[in-house]
Structure formats: C-alpha cells, structure tokens
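Each in structure tokens, the structures are laid out below.
Two complexes are shown next, each including chain A; its partner changes from chain B in the first to chain C in the second.
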Partner chain A sequence: MYKKILLCIMSILLMTGCWDKIEIEKRAFVAIVGIDKYEEDKKNIIETEEKNLDQIKNRYVVTVSSPNTGLLAQKGEGDPKYVYSTVGDNLEEVLDELETRTGRTLNFRHTQAIVLGEELAKDETLVRESLDNIERSPGVGRKIYLMVTKGKAQDVVNAKIKDELGTGLFIREIMRRKKITPKIPDADLGYVLRSLHESRAAITPRMIVSEDEIKVAGSAVFKNFKKIGWLGEQETEKMMFMLNKLNGGILNTTIDNIRIPLQVTDSKTKMKVYEKNGQIYTSFDIKVEAELSQHLFEVRNQPLDDGYLKRVEKIASKELDIGIETLYKKIQKEFQADLVQSGEYLRKYEPNIWKRVEKDWNEIFPKTQVKVNSEIIIRRIGDTQ
Partner chain B sequence: MSFFDDLFKPKEEKVKVPIKEDYQKNLDTIKEILKNCDDVIYREFQPMKDKKMNFAVVYAEGISNKDLLQEYVLKSLMLLSSDLLKEPRLMKEKLYEEIKKQSISVADIKEIDDMNEAIDSILCGDTVLIVDKWDKFFVIASKGWEFRSISEPSTETVIRGSREGFVETLRINTALIRRRIRDPKFKIKQMQIGERSKTDIAILYIEGIVNKDILKEVEKRLYEIKIDAILESGYIEQLIEDEWKSPFPQIQNTQRPDVVSAALFEGRIAMIIDNTPVALLIPATIVALLQSPEDYNERFLIASALRILRFISIVFALFLPSLYIAITSYHPGMLPTDLALYVAGSRMNVPFPAFIETFIMEASLELLREAGVRLPGAIGSTIGIVGGLVLGQAAVQAGIVSPLIVIVVALTAMAAYTTPNYSFAIAFRMLRFILMILAGIFGLYGIILGMIVILIHLCNLKSFGVPYLSPFVATETTWKDFKDVFIRVPLQFMKKRPEFLHRKNNDRLKNPKSAIEEDTEDE
Partner chain C sequence: MNRNNDKISSFQLGMLISITVVGVGILTIPRTLTEEVGPDGWIVLVFTVFLVLGVGRILTTLAGKFSNQNIVEYSNSLVGKFLGTLINVGLCIYLVIFAAFELRIFGEITKAYLLFNTPIEILMITLLLTASYFARSGIESIARMAQMIFPFIIIFAFIITIPVLSELEFSNLLPVFRTPIYKIIQVIPVTFFSFVGMEMIIVCANFVVDPQNIKKNIDKSILMVAAIYMFILIITVTRFGIIETTHIIWPSLELFKTIDLPGAFIENIQIFVIAVWIITVFMTLVPLYFGASLTLSRIFKSKEQNYLVLPLIPLVYFMALIPENIAQLGDYSDRFAYYLGTFYMLILPSTLLLITYIKKKARRNKGV
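Moving on to the complex of A and B:
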C-alpha cells in the first residue's frame, strides 16, 4: 500500500509536463493580428547567394499588437500598446520569430480581429494557407473577426487610436455596434470558415484606416479563397437581410417628397430554393418590424393615420424588394459567388435537385431567378403631439 | 490494526468484593484502596454515649456538597442517636431502617454491598456512610461542585435563538434538553466509559422516533470501547466513527441544547459526555453540517437565501485559490478580456509564480487563524488587524504578491467562516491545499480530478449506515428531503420528518392524538 502511494507521488515528480503552465504576466495577449503579403523591395536585395536565399523565403509580413497591461493595472508606463512586425516563409515560423522577439508567449485567446491586407487577400495560396493555419490552431476563437483592409494590414495594427488602449480592444467595441447598423456585417470567423467550406464564398468585414481612426464598413467578397470584390455599405445591409443576420439599421423611403427613415427593430428572413418548370428560384420572405423615427415637423395627424402608415409600409417594402433583387443579380453577374448559400440549402433540404445540379452549380447559380417578398410593419411612431 | 483490536476487546466482568460486617476492617480496606488520595476525607464519629456504635462518612472533598453532609447527615445522625437511646430495644433491630427512613433527610440514598462500587461512588462525589456491624454501605448522593454558569457558546452564535450553551457538567446539560423535551419517551441512557476516568456518557433519544438499528449500532460501538480515559467528546467521536481516514467529520458536534433537541425530534441520537460542553449528534450528513439553528427560526425566504449562500460559500472556500492558480497559470483565455489584461498587469513584476504566491498567502492566513485561536480575546483581534491588514497591505505594496491574491484569500477566508460547523470547515481548509497543489500541477484538469476523487469519497462515506451525501444520493423516499437542503420550505409544508433515517413514524405536523397512538404502535 505505502509502496503504491510512494510510486504515485514519485511519478508526479517524474512528470516533466506542464508545457502550458505559463504565468499570466509572461503571456503577451495579442489584441490584433495583421497579415500582409511580403513584397520584395528590389533595392534591398544583396547579390550574395546566402542573403538571396533568405530573401526568397519571405512571403508573409505579420504585425501583432498587444496592450501594455501594466498601464492598464496602473503599474507601468509607456505606450498603450506594443507592436511587433516580422517577416517569414509561413505563419508558424513568423509567430515563433515574434515570440523570440517579445520574450513572451503569444496568446490568441483574447484576439479580437485578424486583418488581411488587400494584396494578400487577392492571393489564393496565401489566403488558403492562412485560413488553414487559423482554423487549425486551438488558441483562436471562432467569434473573432477576419477582416480585409484596403491597403496594408500593418497600417491598421499600427494606427494610433485616440482614447484607447490598443487597437484590438477598440475593434471589439466597434463590432459590438453591429447590432445598431448593418453596415458592419455580422460575419465572424466561424461564419466565414463555414461558408467558405460549404459554398466556397463568403463575405468578411471591410476595414478602412486613416491616420488616427479606424472604420469598419462594407464587406469584402471572397470566392474560391480569394478576394474578388467589395460590397458597399448599402449592399452589405441588403446582404445581411438575405443572410438573416440583420439586427438593426435604417430603411430610407420617400413618400410625397418626404424622406422617412424607418428604424428596424426586428427582422426575420426565410430563404427558400425551389424548382419550378425546370427553373431554380431563390425566394426570400422577409418580415421586418420597424419604428417610424422621423417625419416632417408640423404635419399633423398624418403619421397617426393607419392608411397612411400602410402606404409607407408598402412603399418601403417595395423599395427593399428592389434593393435585394438588384444585389442578388449583382452577385450573380459580377461575382458569380453563391454568397447566400443557396447551393448549400439545396444540398440540405432538396437532395434530389442537388444531385442533378451539383456538378454544374457554378454555371447554374448565375441563372437562378430571385423572388423577394418583404413585409414591413411599423410598430411605433415615436412621441407625437 | 492491533491497536484497534486491543481497543475493542470485549469487557471483562467486574469482580465483586463483598463488604464485611466488621466496621474497622471495612474502613481499613477503603483507606488501603484510596491510599495517598488526600482529597478523600474520613469522618468517624460515635453518636451514642456508650460509644458502642461506630459511624463513618467517607467523601471526596471538592466534588461533594459539604453543607448537605453537615446539615442533613451528620447532624441528623447525632439527633437520632439521642432518640434511640431512649429505646435501646429498638436499636439493634431497627437502626438501619431508622437511619434510612427517618434520620437522613437527603433526596437520594441507596444501599450497596460491593466495595468497588463504594469506591466508585466516593470518587464520583457521593458520600459513603459506614455503619458498624452491617454488611452494607449507604451511598448518599451528595455530588456538588463548582461549575461554569450557562452562557452563550462562542463558536455557534445566533442572532435569533436561544442563548444557552452546554456546560461541563453532564447533569446540567441533560437538564437543558429535558426542559425542551417534556416527553416521557425522551430517554437518557447513561453509561461509564474509561477504565480509569470512568467518564459518564449519556445517550439521548426519543423512543418511537429514533431508528432502533442505529441506536443499537451506537450502543454496540460504545460498549466496545476500552480505553483508560475519555477527556472530551472528540475521543468518543474518533473511536466510534465509520471512517477514521476521512477528512470529513461523520458525527456532528454542537454546544447548543436547541440544536440537540431539534436533532432528537428528527429522530437522531445525541450523546453528552461529562466534562465537556460539546455534545455529539449521530448520524451526520453533509446537509446537517451546513445547517444553522437560525434556518428554522427565521422565516423561510430569508432562511432559504442564507442556505443557498452557504452552499455557494463552501464551493468558494474549496475552489477559489486553486481556480486562481489554474486560470492565471494555464487558462487565461477563460477570463473576460478586460479582466485577463488587468490580472496580467497586476501580476507584473511579482517575483513568485501564482502557485507559490497563493500558497504563501493561504499559509499565512492559516498561521493567523491558529495564532488568533491561541491568544486571549483582546490580543486575538489585534493579531487579526496586524496580520490581515498590515501584512496584506505591506505585501502588496512591496510587490511581493499581487493585489488580486489578497482579495482571493480574503474571500476564501470569509467563505470558510460561513460554514456553521467548525469540524466540517477545517476539512475544507485541508482539501483546499490539496486542490491548490493539483491546480499547480495540472491546471483546471487537476481541479476536476481532485473534485472527482472528493466526490467518490463522499459517495462512499456513511455515518452509522446513513449515506453522508443523502439526500443527494437519493433512494426511493429520501428525495423528499430536498425540501430542507438548498431551500427550506415553509414549516407548514414540513409535515414529515427527514426520510434519511428510514424510521417508521415520520409525521411531525398532525393531530397530536393520533401521533401518540402511532408512537405506541411503533413499540
């Protein structure tokens, strides 16, 4: 008995494990990662063979920022964030290099966003490599955002934001606003990966950076693992309607020369794909609850009139129908990317049709017809006299 | 296990030493046995004028009531002799009758014919009266000594409830309970344990409610004890408990008569041991150990809320430091981002890893507690201030520990103090350190492993045949006991006694007449 207990205790001592026991202050919490394509700077290439070899290997530029935690706990001084940037052949190598430079273990559990530079996003191989690396690493959560920026991701990470400790946390606060405006697409990493797996197409938030400000608006369209175009802010909003991911936003209508913004409070979309007379249709049934948030000053009684509100509802929903139809056609013609995942719908719910069209879906999708049937209900009209 | 074999050897029958008729010989035997016992007083006297009759009272000074002896034994014996002188004829025949029936006006008097019993009586505080030419002694109940007055127990204070606590004298303690249970079926069975200490032990139960199998088991285990001295109820507890290796107490202890009475009404068995204010309650379950008498005195909403708070606090007391270690060293991803960054920042430049840091602080808290217990009241609180405030503050300012760990340790200590039962709380104190070590080695995985081991042990544990975890390990009927676990349902709905004892008579709240009838049926 005692020998057994002794053996147990001894075996604990022999275990040289604890590989992930790293004290919290010895970790660098990466707030934001920027991945860029390495662009050879022709001037710098030195003609010796050794150096040349070294240069060829570099394909990525990775920039990470981690907040200065000491400053947060009122214990240290200095810049609110540390930014490190390095180059390498693949992401794993770059991250190892970064660890040796920061002297701390990089932790991606609290990462808010991974930003891809535009040049990298256009390169299929690099995007596929990056996505696979991200998907494989257990330390990266699925609720973070994969974003594409116009220009270089490095600039996003480097941006000195006013009033904020580190860019990463700032992005989190921005992304929380997606509940208010659909101009920021509700497309997290989990959605992007799944949609790319299933339909080889997805949208990711688009990031625009200026000197001291960051803006997330619009989206980038991915098809076959590379960026093929942008969607504007209004288009992103319609896209969110189609994906049933809309949480809020404003629908603008004009009636009798009066601009009426309708604040969306609730929205539900039902997508259906069906075949009729040999033609595949995609239909969207949209039910929107909205609030009339602005009319014209001193127009008495009109907004209270039920018939009038019915007219507003009708016109607004018609405008919405047209907007969505236009976008659908744009996706078909311009991108030929199945962003609404209608193919996936067929595979799941109409396997008989899917069997027939599976092989030529890329050709069939641009020919599908769209039917939008939206219904807007104005629930509230605000305070009136 | 030879130690326990020795301990539980069956008792040898006592040899009876008969008393002789010769007065002087009897006195000499007693003096021989009680040689060098200078607290034993021998008072010889010859009340008759012819000095034919010899009398002697033997008693131990300090534990017998001297006034009673003087007033009602010695004085009346002297008076009696003068009466008897008038009728010498009566003297021979009726002397003993007279003494017993008329002369000694003491409440309790009995005759014995065994020398050993006489010695025991003297040492208990009774007085032995030796009469010439008679082969029996009178034993006069003259126990009486100084005792602490009844006061509120310091460990189990309540805001609403009785302020009485047990004292060191068995008889007073049983009286405190008898006052609460005026039921002829409330029984007090007394026995003596300890070859040399001969400590009185009273087993208390209410017939008809108690589970007789458990009662038999208790009596059996008590009978098997063969030890020289019982100084405190802890001795009994350790000798009769089911699993001596377990850190958890399997017998509840209390200093409050109201707690004992409540347990008796539930059908449990109480044990009161002389010379200690701590009574034992059998059997104990984890739920009983987490109850406070106030749970029943307060109204049910508040009582239930406090119950839930107490359950949460044992989880805190057990897991908080180890969770801190595991999360800061292994799983910082589990914290919300802002908190993770703050923790990382606050631990900057702390020279120790989280495990050592937590261990130092927890160990110093234990030191503080132990020092506080040993020191007298006024200095004890000073130690608390010096240790808790000054040391904690200084350690944080010096940068040796992070401010967060001070909060964790303080929270743990507070949570541990909410446990009403001290013995139960110290079990958790010990397990906390084991879990901390596991968390230091394996992280959260280690904590879960430790928790599983503790739970397996608790599931196996039994207190006198009753599962320790009941009603969590519910059988067909014991699930009903959940009415008194996390929440305490209003008294109106507590119509049955707890089920875990599996007794026959379970009704609490009903027509009193039928309750009595059922009691009789049960017997």
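Moving on to the complex of A and C:
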C-alpha cells in the first residue's frame, strides 16, 4: 500500500507544468521584420515627466507582421495579417515591448525576411548591432533573406499586396524565382554573414515598394558593415555572372538592327586571380548556354544557319564581356568593395601572394586589372527558322 | 556481482566506448581546430587518430592483462593499497566531474535552442534522474542501448546532412599544408581531448565475455568516431568557411540552420538534430555515471553498485551548477581535460602497464 501512496506522491513531481508551453493562438509567427532607424519627429514629442525620468533613447523602429493563421486555414476572418510597430533603444527591448503589446510570443522560426530601411543601412553601428543580434539568436535560420529597401522598412511590412495573404509569404514566393531571374540576387542571410566575415563586403537583395506592390530587384552593396550604394537590375545580373550563381535570365543583343533576346539555360563561371609582372589580374571565364527565343517575323534563313548563330554568339559574348568589365571597374572605383571575393580566392589558392598583399588589400584591390572571356553557345532556336 | 546479466560482448564494449566519446566534443571540434590551424584541421585530426589508436592499445593491453579484475582491484595490487585507493577515489571523482560537464552542456544547449523559459536546473534534474535510473540497471542494458542507438545516430546524421551537400564549397579547405609541422603537433592535444571517455575501457573491460576481441573492436570504434568527427569537420568548414566557423560557438549545430529541405514542409530541422544529440549526450552521461558508481562500489568492496547511484545525484548536480556561465564552463572543461584527462587516459594506464611488465620480469628473474 505504501508503495502506491509513494507513487502518487512522486507523480506530483511530474505535474509541475510546462514552462515553455505556449498555446498556438498565443504565438505570433513573424513572417517579416522591418528594422528602421528612429528619426525624431520634433512635432510629436510631448515633454512629459515620465520621459525625462526614463531617459530612454530611441534608436530603432521595428515593425513585424504575422499572418492571421486562422485565415490561412480558411476558418477565421478579419485582416490577413497583423502588423505591429514600436520603438526602442535596442532590438531586444523593442521585441520585448512588442510581445507585451500584442500579448503574444513572437516566434521567428518561420520568418522569411528581415528588411532594413535605407537610413539604418547607412549607419554602421546600427547595422553591426542588428547583424550581431540576428546571428546570435538561435531561432533565426540562415536561409532567410536580409534585404535593404529604398525608403522605410515599415512601408514594406505595411504594404497591402493585391491577391496575396501576407508580405512574408509573398517574399518567399518571389525569392523562389531567383533561380529564373538573375535580377534578384541569390543572396541569403548565410551568404551575407559569411561574405561580411570574410571580405567585409556583400550584396543583399534590394526591395522597392509602391502602393500595392513589392518588387525585389537589384541589390544593395555593403562595405565595412554599412550600405554604400546600389546595383541596378542589369548590374546585379552581371554580378551573379561573376559569382557563378546565375541560373537563368535573358541576354539582349542587337545584330543587323534586329533585337535578339537569348534565354540563358546554363552558365558556369571560373574566376582566377593571378599575378603577372607585379600586377594582380582577376579573370573570369564564362561559359553560357542559351536559347534564341525571338528573332524578326518574316526574316528567313537566318537563325537556321550556323554561321549566323556564330555571329550572334560572338557579338553577344562581346557585349557580356564589356558589361562585366564595366561593373568590375564600378565596384573597384565607386565602392572599393571586394564583392567578387578575390581576396578570399588569393588566400585559398595563392597563399604566397596573399601574405604579401593581405595588409593593404583595400588599396590593392581597386588597382587590380580585370580580364573577361565569355563564350555563349546557342543550343536551340525554337520552332521556326 | 557475477550475475548472469553482467556480461557484454566486446562488440558492445566498442559501441559503448564510441557513444561515450561522441558526446560534447563533436559540437566544438570544428571551431577549436579551425581556430588553431585554419583549413588544415583535418590533417591534425588524422595525426590525432594515430595517437588515439596508440592510447587505445595501451588501455586494451592493460585491460587484457587483468581480464577478470576491475581497475580498482588490480591497481591496488600493483601500486599498493594506499596509492591505489588514492588513484581510485580520484578516478571516481574524475568520472563524476566529467558527467557533470556533460550534464551542464546539455542544459545550456537545450535552454539555448529548445526550451527558453524552463529553468536549467529542471532540465538537468530531468536528464540526471533518467540517467540514474538507467545507470542502476547495470552494464548489460547500457551496452545494449549503446549498440542500438549508435548505428541509428550515424545513419540519421548522414541522412540529415544530405541537403547541405549541394552547397558545400570545398575550396574552403584550401590552402592545404600551410601550417608548420610544429604547430600541428602543438594542436594535437586539443583534438586528443575530443576523445576523452576512452578510459571507460579499463573501467568496463572486465565485463567482456570475449576479451580476445577487445583490441579489434576498440580499434574499430576509434576509427568510427574519427570518421564522424572528420565528416562533421569537413562539412562544417566547407559550408561556413574558416572565419565563420571560428565565430560560432557550436558550428555543428549551426550547420543545421542552413538546411532548407526541398518541399519545405519542415522548416526547422535543427530541432530534430538537437533531439538526436540529446540522446547521444544521455548515452555519454550514463556510462560515466555508471562508471563512477561502479568504481565507488569496488572501493568499498561492495558487491552491488546500484544503491550507490542515488547518493551521487546531488554531487553531479551541484558540480554541474558550479560554472557561472558558458565561457567559464569552457575554461573549466579545458583545464579538466588537460590535467585529469591526460592523467587517466594516458599517464595512469601506461604507468600501470609498465609496472606490470617490471613485476613480471622480476618474478621471472626470481624464478631463474
């Protein structure tokens, strides 16, 4: 008998409850986070006693949005997403504040993107604080996207998109298409962190927001942990060529006044950095396979002629060469950012040279020469000749 | 003590040793190695394996000489009662501290990745109570559990890394052979301590029914552990690159944050990895705990070990709570492995082996 009583007493120990139990309705699955720099709005400040006592210095504005999970399951009603925004001294404080205000626990395991506002991205301290916070928190995966938007991140999170449920889910769908269009850089958080650690320079996708639309195109250039410029859509495409991350896209070329788009089906880039006569060269060998997808109506016998195709290939690859060279010079002169990771290449493959140039790589990189050698092969021409 | 169920095969001993060794070391080995020698970590690991195989030989030879006796008994007869007791009490304390470290690291990781609000004390007590229940049930069930779980863990670890394979950058292992040889030799101890837990061979070897196969099976299990370490090291370094690998506290766990399963119906694979890792750390804790209680029972010349498990609970628990934070924990565990680990893994077994040979020779000389 006493054994049974003992068992009952001991089972009380098992009933202490769950510290980490959170009902699913009490969780807010944050789909997208927008981080902005706090800018004081002089008109709205009311000098209250409390404010003076607290001496809070607001530096961040954080906006989060979580989808209405009930609506996703086609049961609930109301707005498709909840958006909350608040200010604070650091990210942790802001998130705490958000949890208090919403009465829910924020969960970042399903976050799709973190958007930085342009003003914040220009501020080195804030960017470094945010990056460290993101990297340090165990809940945030490395497959999400860190993006920079022109303007305010708050507007991105707030944007009401036509026929889409939530901004976060929408971004995920867009980013899936990076395999098709190189105008969206293939750069996830893992890449950004790694590249910033290795060469202190990285690109992140750029986000443009209008009233009812969000567009991801082009990229922001980070150097020494702050945004120093933008790359346009065409430039981003060239950048993807240099990083060997291109999987698709269209190369436009003109021959005999006929505009010809070439659909890229496969592309491989080999980068090499070497030293010749005391000068460091970066060379890109690019092999592209493409399909000719448009010619001009009622122009006969041109695409179905090997000689003609060879000419198209030659002109197109020359244009590509020039495009990439121009971009390389731009990132050298304008940004002085080693985005192609040529320093890393030297460290790996030419450790002897790297030892010599490591200390002043920042000065040497803008002086390196570039050589591009691309080869475009047209494999298919479609149904008509 | 010689009941029927206290018999294990040498294969089971090998599994037991493997799972004891693969515990906490696997989480940090990519970082510690990369911090010291950059991309040449795998070379250091290869050298270490040879060293560890040598140590394994010393331990198994010693165990083979006294196949019916426990370390407590033969050390007493070899170095005398006083010194022997000192060594054995030390061994018991060593195993208790070791178990405490495992327990604390388990608590830290579970709190950091899984249960954010649960007090670490509760996490640790839960695992400790389970482990003590298991340690009471004797060597045979522990060995059988090890035999069951170890292959499962290997297969799971391999399958779960498949999605990463396409994103590896093998150029991150370049440049090779740039580390000077003296530096490599300097770093070998660091990796060597990822193999602590091997001294369980001398604690458990007398339960083995086929002592002639011990050497073979221990060699196998060392190679298996080395292969796992090598796999994790190479995957981590090729995924993160050198600089980031040194930046992350537990790179092997962080690795699973970078996995995006195709289809994406499961998004956070990391949680499964930690769940499996908890099983390994549990299976490291149990043999150590068992070893501690066994040594204690032999010191007291008691026949049973299981009633000594319970008094050890508060000892392990409070020791696990001593380090104030994770940085201090790292410091302590480094120092612990450096001094006590070397002593019980290398110095003690080789000294005992040497004494055995000397005594044998002396006896033979007397006989002539």
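Heads up, the rule we're going with is that the second predicted complex is superposed on the first by the 349 of 385 C-alpha atoms of A that agree within 3 Å, B and C clash if a C-alpha of one lies under 4 Å from a C-alpha of the other, contacts with A are read in each partner's own complex, and residues count from 1 in each chain.
One rule holds for everything that comes next: a residue touches a chain if its C-beta (ideal position, glycine included) is under 8 Å from a C-beta of that chain, and two chains touch if they have at least 3 such contacts.
This structure is a prediction, so every number in the text was calculated from the model and none was measured.
Participant: Kindly classify A:Gly190 by the partners it touches after superposition: chain B alone (first), chain C alone (second), both, or neither?
Facilitator: Second partner only, chain C.
Participant: Of chain B and chain C, which one touches more of chain A's residues?
Facilitator: After superposition, B is the partner touching more of chain A.
Participant: Let me test your reading of the model: by the given contact rule, A:Leu169 touches which partner, first (chain B), second (chain C), both or neither?
Facilitator: first
Participant: Touching A:Arg311, do we find chain B (first), chain C (second), both, or neither?
Facilitator: neither
Participant: Going by the contact rule set out at the top, does A:Lys143 touch chain B (first), chain C (second), both, or neither?
Facilitator: Touch partner of A:Lys143: chain C, not chain B.
Participant: Identify the partner contact of A:Lys270: answer first if only chain B is touched, second if only chain C is, both if each is, neither if none is.
Facilitator: neither
Participant: Regarding the shared-chain residue A:Asn107, is it in contact with chain B (first), chain C (second), both, or neither?
Facilitator: first
Participant: Is A:Glu198 touching anything from chain B or chain C once the two structures are fitted on A? First, second, both or neither.
Facilitator: In the superposition, A:Glu198 contacts chain C only.
Participant: A:Asp20 contacts which: chain B (first), chain C (second), both, neither?
Facilitator: both
Participant: Could you say whether A:Phe29 touches chain B, chain C, both of them, or neither, answering first, second, both or neither?
Facilitator: A:Phe29: touches chain B, not chain C.
Participant: Starting from the residues of chain A touching chain B, keep only those that also touch chain C in the other complex, and list them.
Facilitator: Shared contact residues on chain A (touching chain B in one complex, chain C in the other): 18, 20, 109-110, 141.
Participant: Report the residues of chain A in contact with chain B in the complex, numbered from low to high.
Facilitator: Its residues touching chain B are 12, 15, 18, 20-25, 27, 29, 67, 69-76, 107, 109-110, 112, 139, 141, 169, 172.
Participant: Sort out for me which residues of chain A touch chain C in the complex.
Facilitator: 16, 18-20, 109-110, 138, 140-143, 190, 193-194, 197-198, 344, 347-349, 351
Participant: Considering the complex alone, what residue numbers of chain B touch chain A?
Facilitator: Spelled out, the residues of chain B in touch with chain A are 327-330, 332-333, 337-338, 340-350, 353-354, 441, 443.
Participant: For the complex, which residues does chain C have touching chain A?
Facilitator: 39, 112-119, 122, 171-172, 174-175, 178, 240-241, 243-244, 247, 254, 257-260, 267-268, 270
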